[in-house]
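All chains are identified by letter, namely A, B and C, in their written order; residue positions are counted from 1 within each chain.
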Amino acid sequence: MKHSPSRGIVPRTLKISVAACLAVLACTSHAQSRVTLFGAVDLGVRTVHNDAGTNTGMYSGNNYTSRLGLRGEEDLGGGMKASFWLEGTLNADTGAMPTQFFDRRSTLSLSGRMGEVRLGRDYTPVFRGYATAEVFDFAGAASMTTLYSGTASTVLSRAFKGKTSSNGRTNGSVGYFTPDSFGGFYLNAMVSQSGDGNVSGDFDYRGLRVGYNKGPLHVNAFVGTTDIKPVGDNYRIHGAAVAYKASLAKVTAALVDMRYQDARQTNYTLGMIWPVGAHEVKATWHHIDQAGKAANAASIDANDADLLAIGYVHNLSKRTALYGTLAYLNNKGKAGFSISGATPGAPAGGSSRAAEFGIRHLF
Amino acid sequence: MKHSPSRGIVPRTLKISVAACLAVLACTSHAQSRVTLFGAVDLGVRTVHNDAGTNTGMYSGNNYTSRLGLRGEEDLGGGMKASFWLEGTLNADTGAMPTQFFDRRSTLSLSGRMGEVRLGRDYTPVFRGYATAEVFDFAGAASMTTLYSGTASTVLSRAFKGKTSSNGRTNGSVGYFTPDSFGGFYLNAMVSQSGDGNVSGDFDYRGLRVGYNKGPLHVNAFVGTTDIKPVGDNYRIHGAAVAYKASLAKVTAALVDMRYQDARQTNYTLGMIWPVGAHEVKATWHHIDQAGKAANAASIDANDADLLAIGYVHNLSKRTALYGTLAYLNNKGKAGFSISGATPGAPAGGSSRAAEFGIRHLF
Amino acid sequence: MKHSPSRGIVPRTLKISVAACLAVLACTSHAQSRVTLFGAVDLGVRTVHNDAGTNTGMYSGNNYTSRLGLRGEEDLGGGMKASFWLEGTLNADTGAMPTQFFDRRSTLSLSGRMGEVRLGRDYTPVFRGYATAEVFDFAGAASMTTLYSGTASTVLSRAFKGKTSSNGRTNGSVGYFTPDSFGGFYLNAMVSQSGDGNVSGDFDYRGLRVGYNKGPLHVNAFVGTTDIKPVGDNYRIHGAAVAYKASLAKVTAALVDMRYQDARQTNYTLGMIWPVGAHEVKATWHHIDQAGKAANAASIDANDADLLAIGYVHNLSKRTALYGTLAYLNNKGKAGFSISGATPGAPAGGSSRAAEFGIRHLF
């Protein structure tokens, strides 16, 4: 063995390589089987200036969430397929993985001519719905997740009390997806019971999404209901989103409405992606309209907010890109939404401005 | 790069595939080397009805424990081999991995004509022993682990005080396995010292297993001793198990005896696996006989229990199966064993009933 | 499917293999891409005898830190390359991975003719500097990390108050490395801001290393400054190290100086690696010279220490080795350094002796 003083920090030539781009080896016993290791490392520097202060630091996942995953499928014959998908968030700035390791998705599916039945932790139909209009991939300073802040949103903080809401994902769910054979029409339904060890709180979830995705047009409507079991009231979310891919650019729009007891929030979204060769310009505008009452019965009608962002992506290859984003969030009334990254957050009625740039690499 | 609004939730075609069923590429420098990534995703729905209440939810690992692992071996020449095995439990309903990530096994071995020396976290000889008679793979409603409940078993709760017992695995162990060359006879020994960072408590473990496994017959006897160091007393477990593979079905039986101070538990097990083409019927009966005294000196002679279960497995392929299990547990006296999954557990002397069905996929 | 009673503990033949030693499959779309899975499992038994007591147990990573990693690179054309490196410590005796999963390194790089820009969690230039003189790979009883004990070192305990120091790695860093084209000369610089979620405390780091590495000679000098932000004072470390690979053996030496307020520590190191065929003898001597004052204003001038160690490695292959190490640490004055592994540690002015042997396997 060759010894070098740097051996402690740079492992010697690694003899076992896990690699086979596109080339999945055929196997005699189950020819269609494959397991794929995939991921993304995205690191950048972001400066967030709130009225209350400025903070600059390195952040993971600004253009695309850094992640690590494993997925595979097996052809069972007769048009049937079994597949699994395990995917977790990588905090690439520190190397940490979440406690709920595969927090992004952990599913097992059986698919056939009748569609796909999917079990486990998965995205809700509602999230898949409003994702249609998101042009910043739920990542970075311009992420749509800012609209769904569990503390700044009165509806969400009243319903979920600081715990993760049921908007994005649920544990222990049963989902159904129609097959790709209805001329572009599709349906996705999900139920998730409590008693499934859901870390996001004790609730029952039901969600439904119907859509049409063919040629340049993708349009869908979605609804979700969450029974907040300790209270007995329902948190409801519904909306519609559309994306249209024109020759020059793709444009998107969405309208999402969330309600709990006497609080309500409506999110209006416009988005655009304009690709020019290796370059790409993205822009979005979100308007948050709150109405009704806070937990202390004060009116939240004036607590609205707007988030404007523009992004530029320079693709060095299909997998690697440089990017930069500018985002501006303006609160009205006593709204306190803020762009992720500054401590403390934007004060009530204040604004939040951010600039970020970085590198994104997929594998 | 192709952009779609669903990019945030469905990573684009993954170009790096980790896959090579059976086909392990030869390497000039160490031709017999290989690293294998493996795992299982098993998700199902279970309803448990105890006299105290009913609970329904999704559970991971009912037919086969969901897991993720990495193992490899290297031919060192001269009949010698180095190998490692890292394997952790996957909670597929939430995506979580345990704090002790590779909690199922984390070992390094040197093997040769004289047998195998194995270091690390591994199964005890006793566990490998009674596993001979387990037909439900220590998974799901009918799992044999119910008999070894750290709270319901008086022996185990007195010896290990709610911490994980030494029955299943120990950290930092040194194990020995005879080679496969003694006409079916084998021996497995293990020692594990405290001071090894054992999360299961401060104890010294010694275990031994001898057996014969050839043709249709597998029979073995096993013994384990654990020095509960803060107390100074020994927890002892010993037993024997047999499995016989007849033309029609496999039948198993075991007798396991556990003692600590003046408490004692004896587990009687019968099992059967009856394969019919792609189908498989499994059944088991366990009787738990407690004797001696509880920590408060009360007699536990009457605190016995029985667990009856029947399972059906429909194999869709070698890797994927649908399954269903019915289990019934009946406590006598003040015994409080219960099938995993219902909160609260079975009351003293009460019963516990469960039904589960789901999908299991290996990769 | 073949069923055996041991199915619960020994997964059936694993059909998906992740393996391709040296042979990385070519891909049409990005021919130079590859992802490599790598790691090490190293387990051994260590006895540490301090004046205060003796402890024997199994330890992970005595010859080489047990680890698990994933790295990859992509050729972007024009001499440019994108690459990532994710690597975490494996506690092979228990199977645990750290909370900060990829705690050893989590980086994304862009490289070209102008050098490499690297983002993320990485080794500091100072660590890479003094690593030049370390012959025991920062692992086991003879590890150089003993000199940098956060509790025994007065400088480090005053500056970092028990938290991990900035000597080894920093989160959220930006680093620069010159290309391999300056006739052996190289430079490495790093900055890391607070606000990056650094778990090691709230500090700003700046480090620089310059060196010459060509033929048998490797020499370098390095300096690092850490602004301990809550206090406002700077912790400073600087030094130089050399390694010379003669025909018979490699010899190394280093001098490292650390200062904070009125405390100072100087580490003198000599090392040697003497390879003889499959065998290897290693030896090191470290002298720790403390000067100035403790937090309570008491003089620490007399609190010096020496660490002497000799190691033997028998390489069974390029990847697998047996090893044994003897180490002796002697404290003077009220110094309390001790070899890792004994509880309690060496008393003030006492000594610490250790013997360890084990197996190391790379994959």
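Following the convention adopted for this analysis, contacts are C-beta pairs under 8 Å (C-beta built on N, C-alpha and C of every residue); 3 or more make two chains touch, one makes a residue touch a chain.
The shown structure was predicted, so the numbers you read here are calculated from the model rather than taken from an experiment.
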Same vs different contact residues, chain A with chain C, by half of numbers used: different
Angular offset of chain B relative to chain C [C-alpha, multiple of 5 degrees]: 120
Length of the line joining the C-alpha centres of chain A and chain C, rounded to whole Å: 36
Multi-chain contact residues (two or more partners), chain C: 15-16, 18-23, 27, 29-30, 33, 35, 37, 72, 318-319, 363
Residues of chain A defined as touching chain C within the complex: 1, 3, 5-9, 11-12, 14-23, 27, 29-30, 33-35, 37, 39, 41-45, 55-58, 68, 72, 90-97, 316-320, 358-359, 361, 363
Residue ranges of chain B touching chain C (in the complex, touch as defined): 15-16, 18-30, 33-38, 40, 64-65, 67, 69-72, 74, 76-77, 80, 82-84, 86-88, 99-108, 110, 119-121, 123, 127-128, 131-135, 137-139, 171-174, 193-199, 218, 243, 250, 252, 271, 273, 275, 280, 315, 318-319, 321, 362-363
